[in-house]
Amino acid sequence: MTGLLSLSRAPVRFAIGLAAPVLLLLWWQWQATAHISTFAPPGAVGQAAAALIRDGTLLNDMLATLGRAFGGLFIGAPLGVATGVAMGIWRPLDRLLGPLLHGLRQVPMIGWLPLIGLWFGVGEGTELIVVSMSAFFPAMLNSHAGVAQVERRYEEVGRIYGFGTVQRIRFILLPAAMPLVLTGLTQSLAFAWIATIGTEILTGAGSGLGVTMQLAQTQQRLDIMLVTIAATALLGFVINHLFLRLRRRLLRWQPSSL
Amino acid sequence: MSADTRPARPGQDHPGQNHPGKERGALSIAGLNKSFVIGGRPRRVLEDINLTVRPGEFVSIVGASGCGKSTLLRLIVGLDADYAGDVRLDGQRISTTSLDRGIVFQDHRLFPWMTLEQNIELALLNTDTPKERRAQIVADHIALVNLKGFEKAYPHQLSGGMAQRAAIARALVTEPKLLLLDEPLGALDALTRVHVQNEIQRIWMTQRSTMVMVTHDVEEALYLGDRVVVMSPNPGRIRRIVEVDLPHPRDRRSPLLHRLKDEILAELTSGAGQGEEEPTNLVHLPNREER
Amino acid sequence: MASRPLSTPAGAGRRFSPGVMLPPLALLALWQAACLTGLFPAQVLVPPSEVARSLAAMTASGELQAHIGDSLWRLLIGFAIGAVAGLAFGSLIALSRLAETALSPLFLTLWQVPVIAFVPMMVLFLGIDEPFKIAVVAIAAFFPVALATFDGIRGVPRAWFEVARVYRTRLPDLVRRILLPATVPAVLTGLRVALTRAWVVLIAAELLAADSGIGQMMEMGRQLFRIDVVLAGVVVSGLIGFLLDRGARAIERRATRWRTA
C-alpha cells in the first residue's frame, strides 16, 4: 500500500508542499526580470533582509510592534475578562453595560481611529487605545459566555458544600469558564496583533513593522515590504504558538484540549 | 461538624459522630407534597409521602422513572426547599443544604478541573476541620474507597466506577449524618455495578451513617437496603415498604432476596398499567432512562 | 464615549424588552447634557443631536448614500470574488490529498499574515483605485471561507459515509443527502465571519486611501476637524457591520433549520 512516493511518507509530503512556493518564486523571478521595477527579484529581498537585520531596523521595528501589541493586550484583555466575568455573575451589570458594549462592538475597531485620533492626536496614545479596545471585546464576550454557561450541576455541588460567593467564583465559576476565557484571550491576542499592524500602517507614527510597510509602499520598495510582511507572519505565528502551549498547560484537566 | 474521630478503619464500630446523646441521622418525612409547574399548570410529583428512617439505617427507594424519587432526594438534601409538609433530620426542618447531609449523584459531578485529591478536599472547605489534618482525612477517604494511587488523577482519567467511588469519598469526607445516593450506579456497566455495590455495603458497614439510596434496580435495592421503599408514579406515592430481614454482608444468592425481588417486580409491572408510560421496560433498562 | 442613536439594542439579548434600551438612552441623555453645559469645545465632543443633524444633512444632500453605496458595492464585488475562490480552494484541498499536500503549507503560512498587512503591498501593485479595495476585500473573505469549507468537508463523520456504504448510496445521493447538508452549516459560518472581516478591512483600506466610502468620510472628517462627521461615520459603519452580521446569522439559522427539520 505504501509506495516510495506515497503521500503518507513525510519527505514526500514535504517535497510536494515545497513545490507551490518554489513555483511562486520562479514566476516572481521571471516577472522581476521581464517586467517593471515594482517587482523586486527574490534575491533583492534576501539582500534587503540582511541589510535590515544588520542595521537593527528590523529588530527595532519588531520590538516596537510587539511592545504596542502587548501593551494593548495587557490593558484591554484583563479589563475585558473582568468586565465579562462581572457581567456573567451579576445580571444587573449585564443589563446596564450589555447593550452599550454590544453597540460599540459593532464598529470596526479600526473605524475608531479617526475619532480617537481627533481626541488624542495621531500618535502612540491613540494606537494604544485602539489596540486595547481590540483586545477588550473578545476577552469580554468569551468570559461572559464562559461564566454564564457554567453547568448548574456544578453549582449544586457548591451549594451542598456550603460555598460562599467568593468560593463559588474561585472554585467553580472561574475554572469552569477558563476554557472560554482562554479562547477569548487567544482571540484578543490575534485582534490586538491585527489592530497593531493596522494602526501602524494608518497612522505611520513612530517605528514598527506597519510603519515600515507603509513607508516601503510610498518608496516603492517591494523588497523591504516583503521582509516586514514575513517578519509579521513569523512573529504572529510564534506568539500564537506560545499562547496555545500555555493554554494547553492551563487546561490539562480537559480530556483532550485543542 | 465533627473533627476528632475518623472513619475508614474497618472493624471500628462507631467512627465519626461526636454528638453523644444526640440523635444522629434520624430522618422523618411527614405529609410531604411537591408540585412542579409544567406548561403553566401545576403538576403533582410527590403525594403524601410519609417515611421515617432510623439512625444508621440503609433505606433503598425503587420505582419507575417519573415517580419522583430523585425529586424526593433533592428535597431531603435541601437543593429545593419549596415543598408542603415536613422533612426533618434529627428534628430540624430541612430548608437548605447543610454539611450534615451528603449526596452522591448519578453523574459523579467531580469538578473536571481538579484532581481527585483536590475534589475531595474541597468538600472540607467550610468545615471546621483543622487545616493540618485535612490531607490525612482526604487520604483516609481515598483509601476507604480503594483509590490509593489515583490522588493526582483528573476525573477524565478515571473510569466510571472509579469516579463514582471518588464521588462517594467526597460525600463521606464531611462525615454527614445522612448520606443520600441518587442512582449512584445508574451509569455504570453491570459488572462494575456489582463491584461498587459491594464497596458501598462495606463502606456503610464501617461508617454506619444513615443512607438513603434511590435506584431503579430492584436487585440492588434489596441487596443493600434494610428496607426497600417501592414507589409508584403519577403522582409519586409510596406504594409499599418491604423489610429485608437479612444481616449484612449479604449473599446475593439468598433465596429471600430472590423471592422479594420477584414480588416487587410483579408489583411494579402490574400496577404501572395505569400510567401512560409503557410498562414493560420500567425496571430493566436503567441506562435508557434520564440520559 | 459615543453611543449610537440609530442602533437597535439587539446583540444584547435573545428577548427584546423595552428596559434594555434604558441604559443606552440614559447614556445618550447624559452625553447630550454634558455637551449642553459647554464643558467640551465642539472640536472635542458634539452632542448626539448634532450628529443626528449631520446625518440628516448628509442624507438630504445624497452624500451619505453615495458613500454607503460605494462601500457596499466594493464589499459586494470583493466578497463575491473572495468567497467563490475560498469555496473552490477549500473544497479542492479537502477532497484531494495531493492538493492538500501541495497547497496547504503555503496557504497556512499566508494565513498567519494579518490581511491588513497586505494593504500596503496591494497599494504598491494596484494603486489606490477600485481594484485595490476590491482585492483587499476579496483576500479578507478568501481565507475564512477556504478554511471553513475545508473543515466542513473534513468534519463530516466517517460513520456517515459508512452508513451510506451499508445502504449502497450512489454518489449523487451521497453528495446531495450527506455531504452538502453536513458541510453547509460550517460553510455558512465561515461566510458570515468572512463578511464581517471583509467589512472591517474595507473600512481600514478606505481610511488609508480612497476618494469615497464610509472610511474615507471619517478620514476626511478627521482632517477637517469635523467631529460630527467622524461620529456619523462611526455610527454608520457600526450599523452596517451590525446589519451584515445579523443578516448573515438569519440566513445561517434558516439554512440550519432546514437541515434539522
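Labels for the chains are A, B and C, by order of writing; each one numbers its residues from 1.
Throughout what follows, a residue touches a chain if its C-beta (ideal position, glycine included) is under 8 Å from a C-beta of that chain, and two chains touch if they have at least 3 such contacts.
Heads up on the chains, UniProt names are A, C = Sulfonate transport system permease protein.
Being a predicted model, the structure only gives us computed values, none of them experimental.
Considered apart from chain A, the assembly falls into separate touching groups, namely B | C. Compared on C-beta pairs in contact, A-B and A-C come out with A-C as the pair having more. Ranked by distance of CA centroids from chain C, the top chain is B. Between chain B and chain C, the centres computed from C-alpha atoms are 54 Å apart.
If you average the CA atoms of chain A and of chain B, the two centres end up 50 Å from each other. Centre-to-centre, using mean CA coordinates, chain A is 18 Å away from chain C. Taken together, the chain C residues at the contact with chain A in this complex read 1-4, 7, 9-13, 19-21, 23-24, 27, 43-44, 97-98, 101-106, 109-110, 112-121, 123-125, 199-200, 203-204, 207-208, 215, 218-219, 221-222, 225, 227, 230-231, 233-234, 237-239, 241-242, 245. Across the complex, chain A meets chain B through its residues 153-154, 156-157, 159-164, 167, 171-172, 175-176, 178, 252-255.
Of all the residues in chain B, the ones that touch chain A in their complex are 77-79, 97-99, 101-103, 105, 107, 109, 111-114, 122-123, 125-126, 154-156, 174. Interface residues of chain A, counted against chain C in their complex, comprise 7, 12-13, 16-21, 24, 38, 95-100, 102-115, 117-119, 193-194, 197-198, 201-202, 209-210, 213-214, 216-217, 220, 222, 225-226, 228-229, 232-234, 236-237, 240.
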